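Which chain is which? They are A, B, C and D, in the order written, and residues in each are numbered from 1.
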Amino acid sequence: MSFWKKLEAVDARVIYLILWIAIGLPLLTPLYLPLSISPDTVNYHKAIEALPAGAVVAFGMDVSPAGYGGELGPQARATAYHLFTKPVKIVFVSFWETGAPLIQDVWKNRFVADAMKDKKYGEDYVNLHWIPGSETGMAAFAEDVWKTVPADYKGTKLADLPMMAKIKSVNDFALLVCIETGTPGGPEYLRQWQARNRNLKMLVGSLGVSVPANIAYMASGQYVSILRGGRGATEYQYILKIVTPTDVQGSDAMTMSHMVVLVFLLLGNLGYLATKGQKGGKK
Amino acid sequence: MAVDLATMLGIYVYALFALGSYSFTYKDNSFFKFAEHTMVALSIAYNASVAYGYIRFTAVQPVITGKDATFLIPLVIGALFIFFFSKKYFWLYRFPIAVITGTGMGLAMSGTISAQFLDQVVATVRLPLYVVDKVLGFRPMDTLNNWLIFIMVMGTLAYFFFSITPESSLGAATSKLGLIGRWTMMVAFGSAFGNTVMTRMNLFIGVYKNLLRDYTSFLGLAALILVVATLEGQRAKKAA
Amino acid sequence: MLETGRVAQLFFLIVICAAVVYFVETARRGKLPKLRKVPGLDAVEEAVGRATEMARPVVISTGIGGLTDVTAPQTVAGLSMVGYVARLCARYGAELIAPARQPYVIPVETEIIQTAFNEEGKPEEAARASEMVHYLSDSQFGYTIAYLGLLQRRKPAAHLMIGGYWAESLQLAEVGFNVNAIQIAGTANTHQIPFFVAACDYALIGEEIYAAGAYLSKDPVQVGSVAGQDVGKAIALVLIVVGILLTAAGIPVLTTLLRS
Amino acid sequence: MSFYKRKELPIVITALCALLMICAYFFKIPEAKSASTTVQTWMLVMVNFSVVVGFVMVIRMHKRRIDKRQPGDKSWLYSVWLIVLLIAYVLLGIYGVESTRTAAPTNDWTFNWVFTNALVALDSAMYSLLAFFIASASFRAFKARTKEAGVLLISGAITMLYNAPAGSAIFGPLAPSFNDLGDWILNVPNMAGFRGILIGAAVGAISLGIRVLTGRERGYLGAGE
C-alpha cells in the first residue's frame, strides 16, 4: 500500500481529534495572530456613528441558539454596545421565538451593561420580545406596531413606555439592525419593512453561510453594510476597542481551524492527484 | 471564586449535552441518543410554551376582560388545527392552514417583486460600463469589474432557461451564455463553501470555549462518555 | 389610487403571474411546452448501467423535506427522479434502494416505484416495491446515521440524491464517495450545493432539479410553471441589457420607470 | 361529499387572503389596509395553534415505539424520556406564563435555566457537528476530479484563507493584494452569481404563489379530496 493510500484510509476519528487539538491550543493560550479589517465592517461602524441624536433604531434579534452561540452572539453584543453609546432610541424585537430571551443575554455582557448604565428603560430602549408569524409578523409590525405588540417582555403596556408614543409603524424607524440566523431574516425585512419605508437603512449581522448571498443585497444598496460572520464580529470588536483576551483566543482558534481544513484539503487533493489512474473504474 | 450551585449545575448540564452530541463523531452511543431525544423534546416544548404565552396574553386576555371580543375569531379558527388528527373532520384543519398560507403567500409575493426582483435588476442596470472618476480619471479595473458583473449576471440567468432548446440559434446563444453562468456559480459556490467553513468552525469554537469554562466537567464527562461508548460498541460487536 | 413607487412592481408582478398561469393552463389542456434536457440526466442512465454491470445496488433518496410545506417542490422533483431511476432499474435489472425520512412520503414513493416496474413489464418486482423503500428515521440525525450505515453495508455503485438536503448532505456525499459510487446530486438549498459539487460526479444546481423533475414527469403544472418562470427571467435579462445600454448612453430613464 | 369538506373552499379562502394582502400593499384603499392588518393580527394568533400538531405527532410516534418495544432492546426508554420531558417542560412553561403574568415563559427562572443550559448547548453542539464532517470531507471527499470542482475548491480555499483572521499574513508583504483578491471574489463573481440566483428564486417564489392562489398547488392542504 502506497503512502497516499494509507493516508487516505485513515480513520475519520483521527481527523476529528486533530481538530480538537488544533482549536484547543489557541483557546488555552492566545497566540495574538494579526488581523486586518474589511471595508464592510468599517461601513457598518460608520452607519451607526452617523446616526443623528434621537434616531429610532430597530434591533432585530432573529437568532437561533446555535447562531447566537457561534458567530452572532459577538456581533449582537458589539452592535448593542455601540448603539448604547450613542444618543439613540433602541427597540429590541425578535421574530424568532428562540431569539427573544437572548436579548436579555446580550444586556448581561460586561461592555453592554456598562454602556447601558445611563440609559433608561422605556425612554431610551425597550424590549418588545417575540412576535409570531414570521414574515406576516413582520408585515403586521411594520403597519401597526401597537396593534401587533400590546405589551413588552415584562407585560408593560406600550402606553406606559414613553418612547413608544412616537413609534407607531415602520416609518418611524431610521435604521434596522438585523442579526440573522436564517428565515425570517434580512430578505423578509426587505420585503416587509424596506418595501414599506424606502428610507429605512439596514445593517445585517450575517452568519458566514449567508454572506455570499447577502453581498448581492449590499451591492444593490438594499443593505448599507453587513458583518461577515465571526470574522466580521472580531473586526468590529477591534474597531470598538472592546476586545477581551477570550476574543483574541477565539480569533486565533478561527485561524487555526481554517488552516486545518486547508491543509486537509491540500493533502487530500495531492493524494488524489498522486494516485490518480491507479484506482481504475472511477472517473 | 465561589460559584453557586445553580451555575455549577448549569455548567455540568451544558457539558453533558454538548459532549453527548459530539460523541457521535466517536460512535453512535446512548449519550448521543439521550442528547438527541432531549433536544427534540425541549425544542418542541419551548415553542409550545411561547405560543401559549402569546395566545394567553394577546388573544385570550382581551376576550376574557371584554376589551376586544373579536379575538374570539382567530381563537376558534386556530383551534381547528386539532382536527389534523381526526380522519372524519380532517377538512376542518384546512381552514386555519388556508388563512395562514394565503396571508403569507400574498405578503411574500408583493414584497418579493421589489426586494428581490426589481431592486436587483436596477442595481445591475445602474452599473456604468465606462467608469471615470472625477479626480482619478478613467478607472480600468472598475470598468472591467462592471463588465464582468453584467456578463456574469446574464450568464447565471441564462443558465436557468429551460424552455429554450439548444437546436435554435437563440438556444445555442443561451446555452453559451449559460456556460459562463455555470462557471460563475462555481466560483460563487466556492465562496459559499469557504464561508460555511467559517460558520461551522465558529460555532464549534463557541461551544468549545464554554466547555473550557470548567475542566472537571469537561474532561470528566468526556472520559465517562468515551468509556461508555467503547463498552457499548464492544457489547454490540459480541451480540452480532 | 395606486401607492406611489409601486406601479412598476404591480405591473411586473401581474406579468410574471400571467405568464405562469398561461403556460400552466395551456399545458393542462395538452399543449406541453418543450423543455431542454438537463445535462445530468444522461449521467443518471450511465450510472444505473454501471451498477447493473457491477451487480451492485442503486441508492436514491429525495431529501429530508416534506410534501406539505415550502420544501414540497424539492421533494416532488426528487420523486420524479425516483420514477425515472426505477424505470431504468427495471429495464436493466439493477437493484433499487430508496431510503426515506418522512413517513408520509413512503406510500407515495412506493406507488411511484410500483408503477415504474409495472410499466417496464416487471410485475413480480413491482409487487416488492414496498421492500425497496427503506424507512430509516424521522429525526434528521437518526436518518443520517442509518443512511450512512446503509451505504457502507450495501456499497451502491450509483448514489443519487435529489431533493431538499440540509446538514446531512455533506456526510452522505462523503460516504458515498468512499464506497466508490457514481454520485449524482441536486438540491435547491444553496448552502448545500458546494458540497454536492465537490464530492459528487454530477451536481444539479438549484432550479435545475425542478426542470429535471418536470422534464421527467411531464406533469403539466410542473412543466408549465418552469416555462412560465422562464418568461420572468427573460424579462429580467431584457431589462438588464436595455437598461445598462441606456445608462451607458446617459439616459437613466429605465431606472426611473422601474422605481415609479 | 359535501361542498365544504372539499378543497375548493379552503383554496378560495387562501386566494382571498392573499389578494387582500396584495391589494393593501399596492392600492390606497383604507378599508383594505385596515382589513389586512386585522387579518394579519388574527393570523399571528392562529399560527400559534400549529404547535399542537407537532406536539401531538411526536408524542404519538414515540408512544408507538414504546408499544412496539422488543425484549432486549432498551431504546424505548428514550421515547419515555422524550415524552416525560416534553410534557414537563410545557407544564413548566405554562406555569411560568401564569405565575409571572407575562407572555414570556423565560421570565420564569427555572424555565430560563433549562433554556440557557440545555437547549442552547444542544442546538449549538448538534449544528457544530458539521465542523467535524467538513474537516473529514475536506480530506477524503472534496477532490478536484472535474474542472468545475477544481474551480470551486480553489475559490473556496482562497475564501478560507481570506476569512481566517491571520490567514493572509502568510503572504507577508503581499497580504493586502491577497485581501483584494478575496474581496474581488466576493464582490464580483460571487455577487453576480448570487444576484442571478436571487432573481431566479424571486420568480420561482412568485410562480409558487400564483399556483397556490389558482389552486394548482394543493400539497399544503394535505392528502385526500
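In this section, contacts are C-beta pairs under 8 Å (C-beta built on N, C-alpha and C of every residue); 3 or more make two chains touch, one makes a residue touch a chain.
Since we're looking at a predicted model, the values are computed, not measured.
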**OP:** Indicate the lowest number of steps between subunit C and subunit D, counting one step per move to a touching chain.
**Re:** 1
**OP:** Using the touch rule from the top, point out the two chains with the most contacting C-beta pairs.
**Re:** B-D
Original post:
Based on the averaged CA atom positions, which chain is farthest from subunit A?
Top reply: C
Original post:
So, what's the distance in Å between the C-alpha centres of subunit C and subunit A?
Top reply: 32
Original post:
Hey, how far is the Cα centre of subunit A from the one of subunit D, in Å?
Top reply: 17
Subject >> Intercentroid distance (Cα basis), subunit C paired with subunit B, Å >> reply: 20
**OP:** Measure off the straight-line distance from the CA centroid of subunit A to the CA centroid of subunit B, and report it in whole Å.
**Re:** 14
Original post:
Which residues does subunit C have that touch at least 2 chains other than itself?
Top reply: 6, 9-10, 13, 16, 141, 190-191, 194-195, 197-198, 201, 206-207, 232-233, 236
Original post:
Tell me, which residues of subunit B touch at least two other chains?
Top reply: 24-25, 36, 40, 46-47, 50-51, 54, 57-58, 100, 103-104, 107-117, 120-124, 153-154, 157, 159-160, 182, 185-186, 188-193, 195-198, 201, 203-204, 206-207, 210
Original post:
Can you list the residues of subunit D that touch 2 or more other chains?
Top reply: 21-22, 25-26, 40-41, 43-44, 47-48, 102-104, 115-116, 119-120, 123-124, 126-132, 134, 136, 140-143, 145, 148, 152-153, 156-157, 160, 163, 186-187, 190-191, 194-195, 197-201, 203, 206, 208-210, 220, 222
**OP:** Please name which positions on subunit B make contact with subunit C in the complex.
**Re:** 24, 28, 36, 40, 109-110, 113-114, 117-118, 121-122, 124-130, 150, 153-154, 157-166, 171, 182, 185-186, 189-190, 192-193, 196
Subject >> Contact footprint of subunit B on subunit D as seen in their complex >> reply: 4-7, 10-11, 13-22, 25-26, 38-56, 58, 75, 78-79, 81-83, 85-90, 92-94, 96-98, 102-105, 111, 113-132, 134, 148, 151-160, 162-163, 184-203, 205-206, 208-210, 212-213, 220-222, 224
Original post:
Which of the residues in subunit D end up touching subunit A in this complex?
Top reply: 21, 25, 33, 36-37, 40-41, 43-44, 47-48, 100-104, 106-107, 112, 115-116, 119-120, 123-124, 126-128, 131-132, 134-136, 138-145, 153, 156-157, 160-161, 163-169, 175-176, 179, 183, 186-187, 190-191, 194-195, 197-198
Subject >> subunit C - residues contacting subunit A, complex >> reply: 5, 180, 182, 190-191, 201
Original post:
Given the complex with subunit C, which residues does subunit A contribute to the contact?
Top reply: 198, 209, 213, 281-283
